[in-house]
Structure formats: C-alpha cells, structure tokens
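Below is one structure, written out as structure tokens; the observations come after it.
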C-alpha cells in the first residue's frame, strides 16, 4: 500500500485507533476454548488444597482432630491455625486496616469460615480428607443484624476486646468498627430543621455478591532451588498482591512473581487477599511442590467478598418549589466478622460521600458507622467504584421520596436541581471536585428518547384501568440520573494499605514498527488488549493490530494498582497515552533529524511526522522506529520505548441518564422490563462496541441485584442463598434488550478525556430498576420499600397497599 | 421451625412414660437409628442415619432428658452433628394425658438446622421433620400398644 | 464439589438392576439422568457405595401412544417428551409442562421416571401425573405392581416405592376428545422449581386439578376437581386452597404462596376451559 | 477406590483412560485429557459453563460421571473449529458481535448454540433466548450473544444454500 495515495481519513481508519469498534483480539483464543484461566494451569507434581469450613456462624473451636484425614492415602498435610501461628501467618492484614483469621484461631465468626486446610495429591482426595477432619465446635450466640450487634453484650472480636481505637478512629462499642464523617453536621441539621419540606426514609441496599462465573483460586509454586515463589491467581491487582504477600510472608518482593492469567470475571470479588492464597503459599513452601486451590461456588458465595449491606437513613430538605437545600445521611454498614472492605485507606466507607449525586446541594452531612456481625467479610466494590452504587441508590431513592412529598414529577425535580454545565468544575458539599458534566443535555435527550410525557399519560390511563378492574398490571417508570466517581486516584488522597493508587504503562516499539505495551492493570473481560492498543495506535500512529498488550505479570509489567473501580481507563489509560506521547516526542526528534529540519518544523499527521508546509516530505512511525534502532542520531540514545507512571490529578466523574419501563403483575409480583434506555457519558469513547457491551452487562448485573440477587442469612447465620439455584442470576430469558445512547463530555484533566464506563451501568441501573418498581405503586401510596424486588416482596407491597381486594 | 401433634396410645400412662425412657424402644422407633446408648437416666447418645430422598447423612447426637415432670410428661433437648451435612438442634415437650386405659401423647417440638442441610434443604425440612416425627410416634404407639396388649 | 467414591453398575435389564439393589440394600441407588442425585452427591449430602445407572435398560425407554392410553418408559427424557409430536397430540399438557422444567441441557438428560419417582415436591411431573390420573409401574424382587400417581406420594421424598423397587413405566389414560388442558407455573427464573404450579384438565362434564410445590407432596384434590367439573371455579379454588399447605422458603412466605396458588389455578382453569371443545 | 477403563470419542478422536467412576466428566476432560475449554462455574448444573455435546445432546458435564459417559461421542468447543484451524461460524460470530467478554462462559455458550442451531436452523430471537437459558453469563447481558447466534444461523443457512 502506498502511503501517499491514502487520505488522512483512510490512514486513520487503518490504525484502528480510538473511536472505532475494533474487534477484540482476545476473542480468537476465548471462542475456541484456548483461554488460560487459573484452573487450566497444571504443573508437574502439583498438589491440591481444600478447606474444612465451619457450618456454624459463631462458635468456639474446642478441638480439631486431623488423624483420620492424615491417614488417608494421598493426603500430604492438614494445616490449622496452630501450624500457621509459629510463622505468624494465622492472621493476615485486610485491605481496610483490620486483620482477618487465615485459619480459625479459637473461634469462627461466620458460616463457611476457613478452619483447616487439607493438602492432597489431587482434588478428589482432598475433598475426601476434608470430610475426615473432625472439628468439635461449641456454638455461640449469633448476631446477623448490625443494629442488634451494636446493642449486644456478645463480643464478636475477642482479639480486639478493650481496644477503643481502631484503624479509623474511636470505637464506641465492642462490635463497632469506626465512625466516618463528611460535611457539616450542625449546618445540615439546621437546614433540615428550618426547611419547607423534609423527606425522611431508611434506604437499605441489601447484601449481595459479585459472583463472577469463575470462582477465586490460585497456584502457588515455590522453587526451593532459586528461592523464587511464583503465584498464579485470579487477582484483579497482581502487584498489590505481590507486595502484600511479601509483607506478610517475609519473602523479598523480587523473589515473588505474581501472575494473573485470564480471569473469568472479577467485579470486585478478586481484589482482596483470601486465606486460600496464604495457605497455598505456605503449603507450597512446606512441601516444595506447586499447590493449587480453587474454591467451589458455595465457598465463593459464602466466604469471599460480599458487597453492599448498607442501611442508609436519609433526610432531604427542599423549598416548597423543590429546590434542594440540604441532605443528611447516617449509614450503618454491616461488615461481617472482619473489616475486609476494599476501600482506599482514607475512605473507610469508600466514596459514599458522592451521595449528593448529580444535584447542586449546598449543605450536606454524612456519617457512616461500621459494625461487626456474624457474616462473611468483604464489602467490596461490586461492579462499582468504592460504595458508589450505594451512594447513587441512596440519592436516587431520596429524590423520588422527595418528589412524592412535594407532589412533583420526579423528572422535573431532578432537572431543577442538577448541577449546571457552567458550574463545572463543581465543588460538592461533601468534598469532591466534579471534573465535567452536562446533565441537562443528557436528561432532555433521555426523556425525549423514551417519550417520557406519553409514558406518563399511559401510566395514568393504566392506573384508571386498574381501578376500573380492566387490568391487573401496573406500569412503572424508573428514572435515574447518576454521577459516578471513578479512577482512583490521586495518590495524595488514595492509597490501599499505603500503596498509592497510580497506574502505569510501558511501551516498547520494535525496530519494524510493531510494539508491546505492558500495564499494571489486568483485564477480566474488559478487553484491555484491544482498547489500550487503540489508544497507542491513535497516539503514535502504529496500527493497533501491530501492538501486543501484556498485563498481569509482575516480573514484566510496571507496578500498578490493578483493575477495579473503573480505574483502568482513567488511570492506566492515561498512563498509556502519556507513555505514547513520550515516544512521540522522541520520534519527532528522530523525524526532524531524518528530514533534516529543526524539531519544531515537523508536525504530526496521523501516522507520521511531516515537514510543516510540505506534507509530501514525511517519515512514518514505522520508518522512525527503524531509524531509532539502526541509525546513529546525534544526541539521542538508540531505541524507542517509554514508561509512564500516572498519578491522576483528580478522579473522573462519568454520568448517565437511565430510564426503565417495567410492567408489574400485582397478583404474582412478576415483572417484565418493557424498555430500558441507557445514556452514558464516559467522556471520550475509545471503542464504542466494547462500551456498549459493558453497558449491557452492567445493566444486567443491576437487574439481578435490584430484582432478586442477595446473600440472605437466617437467624442462625446460615447462608440461605449459597447456590445458583437461589442466588439470582438472570438468564437470557429474563434479560431484556437494552437501548444504549451517549453524550460526550470529555474529562478536562485526562490526557484523552476518557472517564471509564464499566461500572456506570450497575451504578445507574440499580436505582432505575428499583425506582420503576416504586413508581408503579406510587399512585397507590407507596413511598419506600427494600430491595431485592423479587416476586414475593413486590407482592407484599401490593398486598400492603390493599391491591388484592 | 415448630411441630406439634398428638396421638392416642392404647396403654396406660405409666407404661407409656416408661417406654419413652426405654432406650431399646426409642432406638426401634427413631427412623434410621443405628445406636442409642444411655449414659445416665438423663443423658443419651445416638447415631442416626438420615435418609431422605437423595440425601443420606449420618448424625451423631446427644440428648438430654428432663424428667422432673414425670409422669405427666417430660422435655428433651438435643443436638445432632452431621459433619459436612450440617447440624440440627432442638427440643420437644411431651405431655401424657390419661384417658381411661389409654394415653394421649401430645408433643410440641422445635427444630433448628444449620450448615449445608439448612442451606440446601430448607424448603424440604418442615415436611421431612413432620414426616420423621410422625413416623417415630406412630411406631412408638404401635410398639407400646403391642407390648401393653401382649 | 466432589462426590465420594462408589462402585458403578450399568445393568442392561430391569431384573439385573433389581438384584444389584437387593444385594446392596441401603448402600445402592439407581440413577437415570442424575441431575437430582449427582448434585447431592457432590455436596456430600448423599453418600452411596453403589450407583446403578439405568441408561442401558432398553425396556425402560420409549413412548407408546395407544388409543386409550399412553405409556412412557421411565427413561424417556423431558427432551423426548417435548419433541414427540404423537404425545403432544394425545396429551398436549405434557409438552407444555415439560418445557417449564429446568433448562435445555437438563431436559436432555432429565427423565420422566426420575422426575416422578424421587418424590421431590418441587418436581413438576408428579402433580401433572396426578391430574392425568396416571399410574406408575413398580418392579421389584416380588414382581410388578401398579400404583396410582394419586396414591404414590407420602411426604417429601417418601413415596409408595420400596427401596428395592424401580419405577419402570408410566401409564397415562388419554383424555377424551374435547378435554381442555393447561399447565401454569410461576417460578423465579428459568430452571427454578415452581413457586406455585397448577395442572388442570376440564371438559365433558369432568375435571381434574392438581398443584405442585405447595405441600410436601403434589396435591390433587377430589373436591376441587368435582367443583370445577360442576363449573364452580371459585369452589374449585377454595377447595384447593384448603388442600395445600405451603411452607416458607426463599420463594416467599406462606400467604404469598397461597395467593399465587390461587392465581395460577385460576389462570390454568381459564386456559384449559378456553381449550375445551 | 478402584479405577475403571473409560473409552470415549472426543472431538472425533478416540481416547481411553483409567478413572474412578465418580470422576466427573468435566474433570476427566480437563484434567486427564487436558481439554480445558469447558469450564467449571456453579457445579450444581445451573450455569452451563461446562456444557459439552454428548451423542447429539447438550449436557452439563459437571453433573455427569465419566462412567455414565463411557462409550459416548463427546464434542467440546475445541471441536468446533474448522478443519484448517480457523474459527467455526458460531465462534466467528461471537467475536464479530462482541458476544463475549471474560470468555469464561463462552465455550459452554458456543457449544450449546451449536446444538440449538442443529435442531432449529432458523430460530427466532425468543427461541434463541429460551434455548440458551441453561447458560449463564455475568458479563454481556446476553444481548450480543443472542445477536451472534442469530447471525450464525443466517451465515450457516447461507453456506448451506450455497453448497446446494
């Protein structure tokens, strides 16, 4: 192909850079079953580890008898806390500054807690041996309600007894973890006391679980000859895992190699460190053999990171015209037996203080109390930035509740309270600086797209028909306008366990003009290998198809904090662009030298530098790459590569307008999504196909959460939803088609203006579905009810409103 | 979960009461009971194979009797551990009322289950517990009536 | 989730299967599709020393459509029930109900025999078989006997089948022409057991009504059936509500289940009536 | 536990091995034969990640003992590539329409879709959704999976027509 005959547009298209729906490079292996997930790894002499877990939610361990298990042929070892204690590994630090038992140390605090770790020649023998370990338990009183826990005499964490100071300040009770506050308490209460109108509700966001289709697992392999530990695993943050493993095991960090192979979905579940990793590492060190541990689905749902479980008590004040004057929120956060929330250190309740949402609220106050209960630890950001879905759900419910109190249309109430375009960058009452936004444009576009006014007319007619006995179905219109806060984050205020939350990219251009880029992130389905190559392609003019992406290997990738909280594009994507720009800067010098002009006399043109005013005189990036290696250029080192560690100046604030139209059968509680419209503004769009796919998936997870998915416990602390029979994941049959749309408001501080999108649809989706349910019953007097809106709970709403005659 | 029922037994009250304290009779009546050892008048140890449809699990348990209300009735409480399958605990209050030569045995029982069996089988527990306790008392009635008649 | 070890048997005739059952007693269990038993074995809730696979027993296969009666081999899969046009013509409610069971993969291996024999009140076919007044052929060491579906279920997982018997065939009277049939099921999602389900046949002055997962057995009600036969829909619903005894589980509380039971029943009746000729 | 001799045809190739009867087919495929396309997701037959084709039926191989499958003809996603090693039509359409993200459910999805289209070469969208309801996906929301399968049907029908 002769470059000179192609137009700039054609050359741009050939790059498959930003803005094009490039097909995914990952899919060639995935579609033929050639992915390499952790359970696909098989090594010579590999052993298998399996856990003995507690059937009790709270019990003292009187004894553990390993004899029968050890007598089973093929069983290599059975580890208990006693075995780990001499190594100091029977407890481990959590991401939230608490500590967690690796194996039960004297007592268990939740059903499914790890009690002993069996190592055997294969997983069948290990499973048999688990049955043979005899544990004698003495049952203790169970606390599954955080409000009860704060009143109870029962001390859950005996190891913390008497400690009045925790990782995040004073503890008020032996089952209390922390109180975290933001905003102005007195001022907010004064506004609420003097307001024309105040709406007050308890908004509960129930406990759920990310439940990726692949469970968590690892393979630990200690090479006794080299002293090097290789740890393969389902890690969303491989470098952080390496540092944590080094800190708790004492193995020097350079002697640990952490590799995240292909990951079968993460959604926050695979951010933290689990006892399975520690035990596998210990077992490999002890046996000198590779040890694999892969949890089963019940273990996954029972013991690895849960999400949400926030009781959010809210008050919202407004003038009688509907202008919001203040927002007050007190949250009781159920953290389970250990505080293992995955939040930046300074934010024990994550970014819950984004709970003023898309609205210009002058005064606000938030307090969060963390509480221990007899439930599994976790509190991870399940397909959302840290606690952002809780915050969005809270404010979007409070807006609806306020609209009811004001007898106003909820769409109009939102419109009159949105932060205006000219207010950005906007300083929120709870401490954030929103980077950019144009909410009114998005909102109007969304309302117009669904024909909002006609829908309201149809709904009014439906109510009349219902009252006249002509139908038993109600129509709900669920509105949401959400603002996310993603891309954690600036190192000055975001770290996890002291690790600053920058991210990184290293790009190496090969002499023939192809390239490899390595990042500190790791894809779990987001398609990084496709999209990051697109960023590089646009930045340096090499075709995306000629750029290989490598992530997840700590021996080769630069240090980074990993993929969660929609931070890959905002942080690592920025690092990628910055590294590419360093390369381009050097390329400019090379081009100028080759073209025999001054550096400033060449200009960038898609895939080349051309002499200003003489576009026919140019050097393509391919030519420049070759010259970089093979031509002596005075004053320049050979080679063409760059690394960027990007510490973002601010978070990014993607937003969106979602509208759900739902039909509800009053008699059975069954629902059907008639229409779902999702408008996302994630700033600059790198790959529209992938964005659309992310939105479909995120909204579907929101559908699951809002309409049935929960981790439910009975009073004895039994997990009632431990298999996929009871843990609701919709199939293709229950899932509707979605309409996606967008506006583009670039982030002013991000090098390419991108904001991140993977989690928006979950953050916006949950209130859209829930508001649709509430909206259907609003004409009959419903103000607030709790998720999940499964059939019986919807039925109960209808029943409570007297709709069953 | 609470269960209650009553049955009529063709035997005098003291015979029924004695039978309720007779480990041999109890062993015969408890569905799936493999072993019942009496450690003291108040303490029993039992091994039971619970076989319900696809479920088959072995439980080992301890039962404590409270006989202070003899012969009008007694209460018992116990806990059974089924290893990986989970555990069950509960209690029952049995009252015996004379009705001529016969005795009306009424019971109310509370059963709580934990572990896997609770996670997986909760939808079936109530029916099964009812069936098993029904089986127990029906068999008990039969044996005591037979012995009494014989 | 790994099952405990067992010895595997794959007999080729019913008699051999029974003799293996006899030999090992409590320690042996037959499996057909295995989708009820295998998960329980994997969860270590069922510990068996012997598994007897019935897949090679030809005499337990096949669908026979007679003039008055349909005979289904116990090993006929849900998938075969759905795809058999002759069966759909003779007893259309079977296809309608089978499509509501589990998901496509499970229907390929799940059998009618397994569905009716294991006595799980969540299964759809027992209630349907009671509605249709089917009977089950049980073969054991002492020979063959037939038990009416309406007499078969005692409690959750307790049935009239002895441990050493195998349910081999299902005989279903073909409803007379003009009988309307309908199966209505509410469930949380594809693959779930019923929150409530109703099987209804009505027409020619007769009716039969049964419901699923609303007690520890399927519930067929003579009173409800008689009421419906007399055209008394409300009487039918009232009698059925009297007969069922649902328990609370993750699908909802008792009041909800009773309400939904009535709704499913009314809907099934309405559809069956609309199909009656 | 004593092992039994197992003989299967997998992706057109006869394979033999020793295995305990309790070995689940998914483990036999993945561990003994190193065919790691089918995945383990839920282990209770709800998610379909382990779906393989056995004797012309879509089956969840986590809920089948290898003993039960002894003698059967098994096809996995690896067996659906073209003879020249290029992606088969359904595989290609999943890629074309972004019918996958993390890729973990994909082998089961594609294997199931293969059987669905064998039985119903021109399904409606509703039939595709109903026919795929035994396979869970956590990433895609199914919309593009459905699109990919409908496109596969068109492509396969066109190929068939062209061949006739």
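Letters are used for the chains, namely A, B, C and D, taken in the order the chains are written, and counting of residues starts over at 1 for each.
Note that a contact is a pair of C-beta atoms (placed from the backbone, for glycine too) under 8 Å apart; a residue touches a chain by one contact, two chains touch by 3 or more.
Remember, it's a predicted structure, so these values are computed and weren't measured experimentally.
Chemist: Counting C-beta pairs in contact, does B-C beat A-D or the other way around?
Modeler: A-D
Chemist: Distance-wise, how many Å sit between the C-alpha centres of chain B and chain C, to the nearest whole number?
Modeler: Computed value for the inter-centroid distance: 32 Å.
Chemist: I'd like to verify one number: the distance from the centre of chain A to the centre of chain D, where each centre is the average of its C-alpha atoms, in whole angstrom.
Modeler: Between these chains, centre-to-centre, one finds 30 Å.
Chemist: What is the distance, in whole Å, between the centres of chain B and chain D, each centre taken as the mean of its C-alpha atoms?
Modeler: Each chain's C-alpha centroid was found; their separation is 50 Å.
Chemist: Let me have the rounded angstrom distance from the C-alpha centre of chain A over to the C-alpha centre of chain B, please.
Modeler: 51
Chemist: Can you list the chain B residues in contact with two or more other chains?
Modeler: 84, 116, 120, 122
Chemist: For chain A, which residues are shared contacts with two or more other chains?
Modeler: Within chain A, residues 123-124, 131, 296-298, 720, 723, 725, 731, 733 contact more than one other chain.
Chemist: Return the residues of chain C touching two or more other chains; collapse runs of consecutive numbers into ranges.
Modeler: As it turns out, chain C has residues touching two or more other chains at 1-2, 4-5, 41, 43-44, 103, 190-191, 250-251.
Chemist: Pairwise, which chains touch?
Modeler: A-B, A-C, A-D, B-C, C-D
Chemist: Which positions of chain D touch chain C when the two form their complex?
Modeler: Touch list, chain D to chain C: 1-2, 4, 20-22, 24, 43-46, 48, 51, 57-60, 63-65, 67-68, 70, 112, 116, 130-134.
Chemist: Quick one: in the complex, what on chain D touches chain A?
Modeler: Result: residues 20, 22-23, 27, 30-31, 34-44, 46-47, 49, 76-78, 80-81, 87, 91-92, 94-96, 98, 100-107, 110, 128-130, 132-146 of chain D touch chain A.
Chemist: Residues of chain B touching chain C in their complex?
Modeler: Residue positions touching the partner: 49, 51-58, 84-85, 116-117, 120-124, 126-128, 130-131.
Chemist: Note which residues of chain A are touching chain D in the complex, please.
Modeler: 23-24, 26-35, 37, 39-40, 42, 122-124, 211-214, 262-265, 267, 296-298, 524-527, 689-690, 692-694, 696-701, 723-725, 729, 731-733, 735, 737-738
Chemist: Inside the complex, what are the residues of chain A that reach chain C?
Modeler: Checking each residue of chain A against chain C gives 123-124, 127-128, 131, 296-298, 667-670, 708, 712, 720-721, 725-726, 728, 730-731, 733-734, 790-792, 795-796, 799, 804.
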